[in-house]
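There are structures below to look over.
Shared between the two complexes below is subunit A, which pairs with subunit B and subunit C, respectively.
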Partner chain A sequence: MATPTYDLLESVTLTTAASSVTFSSIDGGYGDLVIVADWGFGGQGNLDIRLNSDTSNHSFVTMANTTSGRASAVGADGNYIPVSYHAFANPGTYPSAIINFLDYSATDKHKSVLVRSGNRASGIEAISGTYASTSAVTTIRLFSSPNIIIGSTFNLYGIAKESA
Partner chain B sequence: MTLLETIEVGSGGVAAVEFTDIPQDGLHLYILLSARSGLAQENNGMSVEINGSSANSNAARLLGYNTTVTGNVGGLGNNISQIAANSSNAGLFSSTVIVFSNYASSREKRYSSESAIPNSTISTYRPLTYIYNGVWEQTTAITTIKFASGTFMEHTTASIYIIS
Partner chain C sequence: MLLGILNSQASGGGGASAYDLLETTTLTSTASSVTFSGLGSYSDYAHLQIRAVVRSNRSSVSDNLDIQINSDTGNNYAYHSIVGTGGTVFGEPAGATNKIRTEPPIPASTDPANTFSARIIDILDFSSSSKNTTTTSLQGSYPRGIGVTSGGWDNADAVTLLTLIAQSGSFVSGCRFSLFGIKA
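== the complex of A and B ==
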């Protein structure tokens, strides 16, 4: 039976509070990327993604269940894809997310990003994002306001699509 | 990504599916579950016990079944998912993916699940799609995970992987 490949490319645990975490010079030799993220905020906020430092070409659609009920939203041609949009996090609510970047290194298609995120207090969210560029993704920046707190972890994995 | 164990339920079913003595040298746990319960309806759900405890979990979920979309923020106890019930079509099993991130850390443990119950016989609670995001508010490392949903029927399978 084939052995699943799930290679850890980079692991970040914040030792000081920061407004962003950046994975750069990402190895283009994998099929997909996955980020597993557990974080916290110093205040109420949302976490966002920007690819290749591009300030346009990011779009998304989200569906959520929050303390305010079910919600959805669309964002087009902006400078981010949200990790959370409706299900914002407050301090002590333990937000987490799993983020998939499909065919991130392809140069013949736009990129798809799938996010599942949530926290115990405000809700859960599924987001589908598009990066409308045929450039390979080499940089992923996760950013927020307020700061991301000490102890937050972000693990970047590469998943091989072809057997060795 | 390393396969630790696969459980295959035999004739007569079992009351619970349990992974014990989980090694502590990984970052995340990834569980794949193909399951069918002996319960009459899907909305009875599937529970999780972590380190023998059914307490200290807080979560949010979003689910769609038949023509209904609904969800909860809090109030879920240790209910982590919904799986195919015994009233489903013969031979039908639900698919569930569960991730426990940073399971061996000394922080509160985040976990998430996604489930799907396709079915050609539509009922009140199926077909179903389900996403869940939770936290187990304990700082002890996870060594045991147990799932229960009435009786797990024969041919249910559960595999646990470590992602390092």
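== the complex of A and C ==
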């Protein structure tokens, strides 16, 4: 039997500039989470993700086509997974991203993150991230060095994996 | 990917759900393939999406995840991937082959324990009988890489059966495959 899903869990629209946006006490009852983000920066920068406030155990592989050409990079056991890595954004350009967290509440798997992001000025990229922990993800922090500007939006959705 | 924007529009308009979970298979033992059959009963949906979390028991650093449609094992498929592995970005085309291969590979036995790969695979206009079937997918894992694949099945039949295959080994217990329907 079909189960309607893709439920909006939380929506954030910044009314003041902020260096981060945090989704906490996340409902563990879904299979996957998706964040749809559309934001801007007060200076040149990139947006990153940290799970469960853990300052290690985040690894990633990137792939991008930017104004500088194709690029790919890896990062191991660090304190973030990038939402954008090569395709940095300047003020006045508005990046967007769809960020997927699969089996985020599983306790028998490291967590898998898939990102598709980009902005019209500097490029487009896809990123695969791994959070090397079997703890359920309960907190997602999105952060950057230049502040995230007023009007930026971050919507968190839950996708079921079991029929209702 | 289709998701996200579609459903945002649906909820904003106060309409019925446009994105439904149809089936989930979570393996309790190893399996060399996973099949979704009887897809003709989902013809009121425009598109299908598979969200999978996978790992292989192959005695190697990696294995491949391939797709076959309607049990067709002939050389009636083509695909083109772009893959980043940290050092390089490369293309991987294949025509007249017997599967759609989603690249990069999935983790296998010699990868770190508990490491799985996420795959999001869209099958567009799957019940059309006037178009060859097309797929798009986004997939990856650390350290195997990140990739996007466009696939085609050179047949205009409606898709009634999808098979996901571990090329050399088997999917391990705990792998999860969820099938969603997306309305037009």
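Here is the rule we go by: the second predicted complex is superposed on the first by the 161 of 164 C-alpha atoms of A that agree within 3 Å, B and C clash if a C-alpha of one lies under 4 Å from a C-alpha of the other, contacts with A are read in each partner's own complex, and residues count from 1 in each chain.
Rule of thumb we're sticking to: a contact is a pair of C-beta atoms (placed from the backbone, for glycine too) under 8 Å apart; a residue touches a chain by one contact, two chains touch by 3 or more.
Since the model is a prediction, treat every value here as computed from it, not as a measurement.
Undergrad: State whether subunit B and subunit C clash or fit side by side on subunit A once the two structures are superposed.
TA: clash
Undergrad: Contact-wise, after the overlay, does A:Ala87 reach subunit B, subunit C, both or neither (first, second, both, neither)?
TA: first
Undergrad: First (subunit B), second (subunit C), both or neither: which does A:Ile150 touch?
TA: neither
Undergrad: Taking the superposition as given, does A:Thr5 touch the first partner, subunit B, the second, subunit C, both, or neither?
TA: both
Undergrad: I'd like to know which partner A:Ile124 touches here: subunit B for first, subunit C for second, both or neither.
TA: Touch status of A:Ile124: first partner only.
Undergrad: May I ask you to decide whether A:Arg70 touches subunit B, subunit C, both, or neither, giving the answer as first, second, both or neither?
TA: Touch status of A:Arg70: both partners.
Undergrad: More subunit A residues touched by subunit B or by subunit C?
TA: Greater contact footprint in residues on subunit A: C.
Undergrad: One more residue to check, A:Val36. First (subunit B), second (subunit C), both or neither?
TA: The answer is both, since A:Val36 touches subunit B and subunit C.
Undergrad: Once the shared chain is lined up, is A:Ile98 touching subunit B (first), subunit C (second), both, or neither of them?
TA: After superposing on A, A:Ile98 lies in contact with both subunit B and subunit C.
Undergrad: Quick check on the superposed pair: does A:Arg116 touch subunit B, subunit C, both, or neither? Answer first, second, both or neither.
TA: The answer is both, since A:Arg116 touches subunit B and subunit C.
Undergrad: Output the subunit A positions appearing in both contact lists, the one against subunit B and the one against subunit C.
TA: Residues 3-6, 8, 36, 63-65, 70, 98, 116, 126, 155, 157 of subunit A touch both subunit B and subunit C.
Undergrad: Within the complex, which stretch of subunit C touches subunit A?
TA: 1, 3-5, 7-8, 11, 16-22, 24, 26, 51, 53, 82-89, 112, 114-118, 120, 138-148, 174, 176, 178, 180-181
Undergrad: Of all residues in subunit B, which touch subunit A in the complex?
TA: Spelled out, the residues of subunit B in touch with subunit A are 1, 27-28, 58-62, 69-74, 99, 101-102, 107-108, 110, 112, 114, 131-135, 137, 161, 163-164.
Undergrad: Under the touch definition given earlier, write down the residues of subunit A that touch subunit B in their complex.
TA: For this pair, the touching residues of subunit A are 3-6, 8, 11, 36, 38, 63-67, 70, 87, 94, 96, 98, 116-126, 151, 153, 155, 157.
Undergrad: Within their complex, state which residues of subunit A touch subunit C.
TA: Within the complex, subunit A touches subunit C at residues 2-6, 8, 31-32, 34, 36, 59-65, 70-74, 76, 98, 100, 102-103, 106, 108-110, 112-114, 116, 126-130, 132, 134, 155, 157, 159-163.
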